[in-house]
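What follows is a pair of complexes built around subunit A, which joins subunit B in one and subunit C in the other.
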Partner chain A sequence: MDKKTAVYICTGCGIGDALDIEQLKEEGTEDFTIDITRDHPFLCGQEGVDLIKQDIEGEGINTVIIAACSHRVNYDLFNFGQGVIVQRVNLREQVAWSQPAGEEDTQMLAEDNLRIGCSQAKDTELPEPFKAEEEYSKDILVVGGGLAGMTAALETARAGYQAILVEREDRLGGFLGKMKKLITLPYKEVSEPGAEELIKAIEDEPKVKVYTSSTVEKISGGPGLYTVEIKSNGNGVSERVGAVVQATGWVPYDANKLGHLGYGKFKDVVTNVEMEEMAASGKITRPSDGSDAKNVLFIQCAGSRDPEHLPYCSSACCLVSMKQAGYVKEQNPEAVNYILYKDVRTVGQAEDFYRKAQNDGNIFIRGEAANVGEEGGKLFVEADDELLGERVKIEDLDLVVLAVGMVPASKPDTTPRIKAPADAEDADEDGMIEVVPDSGFFANSALNLDYRQGPELPTLKYGFPDSHFICFPYETRRTGVYSAGCIRRPMETAKAIDDAVGAAMKAIQCTEATAEGKAVHPRAGDTTYPEFNMQRCTQCKRCTEECPFGAINEDEEANPLPNPTRCRRCGVCMGACPERIISFKNYSVGMIGNMIKSVHVPEEDEEKPRVLCLICENDALPAVDMAGIKRMKWSPYVRFIPMRCLGSMNLVWIADSLSRGIDGILLLGCRHGDDYQCHFIKGSELAETRLSKVSETLDRLALESERVKFVEVGITDYHKIPAIIDEFMETIDEVGPNPYKGW
Partner chain B sequence: MENMVNYDPSFAEEVFRDVDAGDEIKMCMNCGVCAGSCPLREHMDYPPRQIFGLIRAGKREEVLSSKAIMLCTSCYTCVVKCPRNIPVMDVMHGLAHYALKQGYVPRKDTASFGKEFWKQVYRLGRIDEKDLPRRVFFSGGLVEGIKAMLNFMDIGLRLMLHHRMKLLPERKIKGVKSLQKMLDKAEGLGKGGAAA
Partner chain C sequence: MADVQTTNQSILVVGGGMSGITAALEAAEAGYDVVLVEKNPYLGGRVTQLYQYFPKLCPPNCGLEINFRRMRQNPKIRFFTMAEVAGISGQEGDYDVTIKLSPRYVNEKCTCCGKCAEVCEVEIDNPFNYGMDKIKAAYLPHEFAFPMRYVLDPCLVGTDEGKKCLEACEYGAVDLDMEEATFDLRVGAIVWAAGWDPYDAAKVDYYGYGEYENVITNVMMERLASPNGPTEGKIVRPSDGKEVKNIAFIQCAGSRDENYLPYCSGICCLASLKQTTYVRELYPDCDVTVFFIDIRALDRLEDFYTKVQEDEKVTFIKSKIANITEDEDTGDLLLEGENTRTGEQILMNFDLVVLATGMVPNGIQVDGAPEVPCDEYGFLVNDPEKTGIYGVGCVRRPTDVASSVQDATAGALKAIQSIARR
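Coming up: the complex of A and B.
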């Protein structure tokens, strides 16, 4: 496209007072071909926007550079449609509000910012949304026919989309179908489980196609283009779907590992699941002799919140035990129930049911079970009563129920072993190695994704699929695959229903966005996608290995096979590629390189250092904006270059900058580790790993390693921004100017 | 183990049934706010929460002979703060009355003070500021009484100086008969624990 570029400088919000606008117009744009340069005192007002629109219509302007406020505000006002490239330059938060007015350094910062923006606009091309050759499907595959799966399928159908429900067993229902009663909202009384009604609703719904006694053999393709091979009653069936909801649920923790609580040793020690099945089948009896159970003791957290077994709380077992205590009382009003607990966790309104259980006369004992034994045909439990500070003994028990926690159904019993890579240190004699817990191989197969990075959803902790717990719960590390219900985290029925609805809606969104060639969360609506210049590929596999979403498959010769619909557009592949063959229409190694080159580096004797800050635009850049809004001050020598994700940082930029005389490079990215905040999961971690290899570059240039620094910044850390920058500037002061200046 | 407590639900049932406000204990979730907010906590052998725990465990002897149940000064802090709206104070009073009725006297002086106080209110419809202490002081014998009187002489003289304590005996209130009727009826409403 032939570019006709206009620069608009807003002089409102204090920008006009801080800067010499005429000089900025001249200096900031002199290296570029700019057709029109204007300033306006109130660009985001109607008059200002109209001014731009007039130029677009009258003068044929198609590239608009707006030097005003942060790109995080007024983006709706400065949207001139598909055909116009809009480039924002920050003169407000990062210049006028955070630097002293009228100073030379402030002026130079503004000019550099405008140059960076002009350079970026010059290299930006209009994106063309990806369009696959095949037709896009908008059907949703739901794997798992329990409460969450059935709800997800039904909600999908009610929203007008076709759902395909695959259930391993011969009938729908899952654990819900095995329950006697249900305790759910509003948590006053138990109610009927309602599995039959739900199954009936599914059967009556023409938009739900049910496969029972079926498993998913293979899912290939990507969002919008998945081909699912289902083995149904021994026959192979193929379906095309747009997105997947995994609701494969949970299994109870293996009580055979709880021998210390008498399981397996005494017949009358049962799990809560066995208790529920017994209650549902009629009568609660002692398995040892078949007589009615009268005195029952429930051991809460049996194996849960225990580093030896399940380290987490399953959040539903407390309610379940209270419900089951109700069964016992219903059967025999004289019955005595003891509930031995560590903490009762009945969250929110569920507290009402706890009150009811107390009021019904169940005896709650706070403490931990120490021993379960048998005396004269009856069980006894010894426990450390936390309240009395003593060991107590509860005798004459007919039944002891272990409230075991939930384990994701995808978690295998043992850690699988695979053939170790040649350089692995902890491989065994046979050259085998334990699978890394958060790789896709570490899961029982339910999805069988045909992905180079593994057949299942990668997990983060305890075998649950990795997703962002608070910000984007249903998203997994596989675009288009959403997890719902107890496969995602342990939860009770009311929350599983919410989960299923949420995941179904996300799946629908995904099919719609994909069909338009748009990215899903977190770069929702982005129409660019990575393009590979395959002639120069060296089959190094870095992109296929590092993609956090497993978007890139590989052929036998290790050539990358990109799947644009699986892509979240983070640019991690672009940062990984040593040949720099991966680029986006509006984001590429060359573009950022040119932006860095557009920064004017003063001579050494001017004593004005230049520091480049490669900054993550998801968390760190908003933090800088917030610091500016709070009128915090920092060094005027820093130039911010926003990154889609710090994982897209390519080391060549660092080498280029340092060889041009830039004194230091600061990288601001998200927190990583188990409690990562990276929107692309691994981006900031990868950036730091890559940075550890930068020392070679620095050595080659004979430069000090202190010149490059990585800092983790959360969005709430805005108040630390000035200190981080000042500290780095001090370091740069100490190591002195870059000797490559002026070369 | 030697001093292992055997859980025995029968005492809890007795408390639920026979003690005024006793069934409120069911709702206790052991948060300990009552103990944490009690101004007399440090003087108690068992804080209220532990009393409740002992009841659940069936430790009848420990509960009914504990000093704590008689130390409550009815400041209402625990009642205000209890997240489960348990009238902890009422439970403590209920237990104290029940203990006395069952022949336990965890704190002799508190018991005799309570007894005299109640008698006087019943007889006069009010408290006689000099008669009540006199009776309490001398309930333990002549020598004890004189010692206690000398101890409180300072306070007594000042009370008189400020006309807070009359030299002459207090008179009955008007309609004391009606009050007595009311008190008799109230007693009948309880679970029989209230000591007259």
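Coming up: the complex of A and C.
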């Protein structure tokens, strides 16, 4: 577009008192083509906004640079519609409120900030949303026909969208279909499982297409454009869908590993799943002789909360055992149930059902099973009773039920091995290495995604393909693929239902956003996308490997094949690319490079160092704003440049900065490691890793490694910002000025 | 203000906490028109007052910032703060809702320059910090407030102090003549996400909350630990500002007790475990004792419990503490009870006691509103036969942030279904 650019400087909120505005107008814009430059004492007031609107209408201004407060405020006032580029320049929080008024250094900071903004506006183009050539689909594929899957499919249909439900077994229902009764909200009484009704509702719903005895053989493409190959009763079928819900559920923990609790040794030791099936099929009897079970002991956390077996809690087993104790009493009111537990975990209103189970005369014993044995044809359990403080022996038991936990269907029995990368340390003699859970090659086959980074959703450490984020539980590692129900984490019925409805919501939303060329979470609504200048690609594979979302495939010649609808717009690929061929319309290696170049670097004898601070725009940047709002002070020599994610940092910026005489580079990004906070997964970690490789550049330039530093900053760490900056400035003082100044 | 055009294709979300924000955004990002109303002068709800989330110990403002960013760029959402629902009539697909706006006494011209607060000398109890400190009566609710705009307390109206604030504002943003206003909305579905209030710990009279200064609640502890809290993140005793050396957490303070709250609030175990990490991080020598009935760390949250158990300065005692008395001279607290494991009597002194109090749901308290079923505790029940108004988050069940978000996302779809049924 032909740009007609205007700069508006607000002099309110102390900006006018801190700065020489006339000088700023001149110095800050002289390197650029600016058609109008104005200042106003209250730019965000009606008069100020009208001034801008008049220029847009009367003068044909289409690029507006607003040098005023942070972009985090007044975003709505300074929105002039889709055809107008708005560039914000921070003169308030980062200048007037955090620097002394009237000083030369404050003025220079403001001028640099304005230059950076002018440069950014110059290189910004209006985004053109991605539009695929093929037709978009808004249908939703649901894999797994248990409670969560059936719910997701039915709720999708009820919102007016087509669902395609694929179930491996010959009928829908999953574990729900095997249950005798259900315990769910409001947790007063057990209820009918309702599997038949749910199946019938699905059969009666024209917007749900069901494939039973079917598996997903391959999912190729991306959100809005997926092609699904289904093997149905031996035949191949193809469907086009827009998004996917994975609800492939769980399997019970293998009780054969619980020999110490008598499983496999005594016939009358059964699992909770076997107990449920027995109850559902009629009578609860002793498998050993078929006689009625009267005295029953439930061992809770059988293999759960146990580092040797399942370290986690399966959430549902407490309620399940109480429910099953009810079956025993229903069959024989004289029967006695013992529930041997570590902690009773009936959260929320489920406490009511615990109270009922206690009132019904079930005996709860807090302790751990030490031994399960048989005497005179009956079982006994020895346990360390915590409340009595001694070992008790409960005898004359007809049945012992092991409350075994849930293992996600995604978890492989043995960890798969793949060919190790060249630099791997743990490779075996054959050059193979164990796959980590956090990889698309770890989980059991369910989706068979045609993705270079593997066919399945990466999982957390226990094999659950859950989100790592507390605030965003549907934020998965594969755009448009959402997990729901017990595949994601162990949960009881009521939660599995909610979760399935939520996953359907996210899937629908993804198809709607994608069809408009918009990104989904967390940069929801972003209509830019990475464009590849393929002529210059060297097939180095960094972009395909580092994309946190597996968006980029590879062709036979190892050229990257971007799938824009899988993209979350973080720019990690752009940061990874050594050839700088990946760009967004409003974010590119060249653009940031030019912004850095727009910073004026004073000569060495002026004794005014310059530090570039590349900063995560979601967390560290608001923290800097907060520090400004709190009127904290810091060095005037730092120039902030916000990044979509630090993972988009390209090393060329570091090299260019240093060779221009910038004295130091500080990176402020999110915490990484096990509890990483980067919403693009590994952005800040990648930035730090890349930084460690910068030493080569530093060596080549004969510069000190201390000139470049990464610091983890959370959004609420604003009180630490001045100290972080001051400390770095001290280091820069110590190492002295960059000798490349003035080159 | 009142020219909000909505139709029976629009969705109203009541409550701008984590659940409400989520429901609103999820529906809006799928293309639906949403109006969000929040009672406080800022969005974010209870989570803005938390220091960190369990189990990652990450700041809630990080996720809120992403959500506010989503909101900033999405024209499908309009939101109102200091807004409450005053009336609802109609049925699924066609509700008329009256929204009441309380006066903020600061209009949209506010630039957040802070001049009004500079000149204001009147102080009020700081609601954001549960009254643990004072704040100017012209105030920004907190640093991360969204929208970022000041508020004037009604006590300034008609006073010289109020006039000072008015005159100090260079932008004409202070408006002491502002009055309560109402406007009407037409919507097709309503998501009720009004959240929860902490249970009034003073009702559990044998714990002395309200009487003994060094008995605080878990929500207050969050503020004490926060860098933007009343003590700038120092966990100290309210009575004398001393650093804490020996702290007790009492779980189920009023919860799982038919005399108070019969249900379990689901989050308090993890919240206290998390708070032990705040204390231990700050004071490497501080002893922590957790008195509990059951530790309810569901699913992989068990890992967090395991981690805290590994800290040898943290002791877990199974006991329901029966009584607390205060040493008037020192402000120390004597806890009495029985160790249910050993049967021994507990007589232990602590310098600070944190009560893990539960959640009380904010149900639909609107005269003449269509009936939405509730359980005996006031939690909303989503009856498949009575659709149109959907409870999400902690108005449905006491639950943690991730589950609230899942539920709110589900609630957005339910609301969309109500519109699709038209």
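Everything that follows uses one rule, which is that the second predicted complex is superposed on the first by the 731 of 743 C-alpha atoms of A that agree within 3 Å, B and C clash if a C-alpha of one lies under 4 Å from a C-alpha of the other, contacts with A are read in each partner's own complex, and residues count from 1 in each chain.
By definition in this document, a contact is a pair of C-beta atoms (placed from the backbone, for glycine too) under 8 Å apart; a residue touches a chain by one contact, two chains touch by 3 or more.
Here the structure is a predicted model, which means the values were calculated and not measured.
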item	value
Simultaneous placement of subunit C and subunit B on subunit A, clash or fit	clash
Partner chain(s) touched by A:R355 [first = subunit B, second = subunit C, both, neither]	both
Contacts of A:V336 with subunit B and subunit C, given as first, second, both or neither	first
Which superposed partner A:I394 touches (first subunit B, second subunit C, both, neither)	first
Subunit B versus subunit C as contact partner of A:V296, first or second or both or neither	neither
First (subunit B), second (subunit C), both or neither touched by A:L225	neither
Touching partner for A:I363 - first (subunit B), second (subunit C), both, neither	first
Which of subunit B and subunit C A:I183 touches, first, second, both or neither	neither
Contacts of A:C44 with subunit B and subunit C, given as first, second, both or neither	second
Which superposed partner A:K630 touches (first subunit B, second subunit C, both, neither)	second
Per-residue contact with subunit A, leading partner among subunit C and subunit B	C
On subunit A, the residue positions that both subunit B and subunit C contact, one per complex	344, 355, 366, 387
Of subunit A, residues touching subunit B in the complex	336, 338, 344, 354-355, 358-359, 361, 363-366, 382, 385, 387-388, 390-395
Subunit C-touching residues of subunit A, taken from the complex the two chains share	12-14, 42, 44-45, 69, 72-73, 75-76, 155, 158-160, 185-186, 305, 311-315, 343-352, 355, 366, 386-387, 389, 460, 462, 464, 469-474, 489-491, 494-495, 498-506, 508-509, 512-513, 520-522, 524-525, 618-619, 622, 626, 629-630, 670-671, 675, 677, 679, 714-719
Residue ranges of subunit B touching subunit A (in the complex, touch as defined)	1, 3-7, 9, 12, 16, 26-30, 49-50, 53-54, 56-57, 84
Partner subunit A, residues of subunit C touching it in the complex	18, 25-26, 29-31, 53, 55-67, 69-70, 72-74, 109, 111-113, 143-144, 148, 170-172, 226-228, 232, 256, 262-266, 294-303, 306, 318, 340-343, 375, 377, 379, 381, 397-399, 401-403, 405-410, 412-414, 416-417, 420
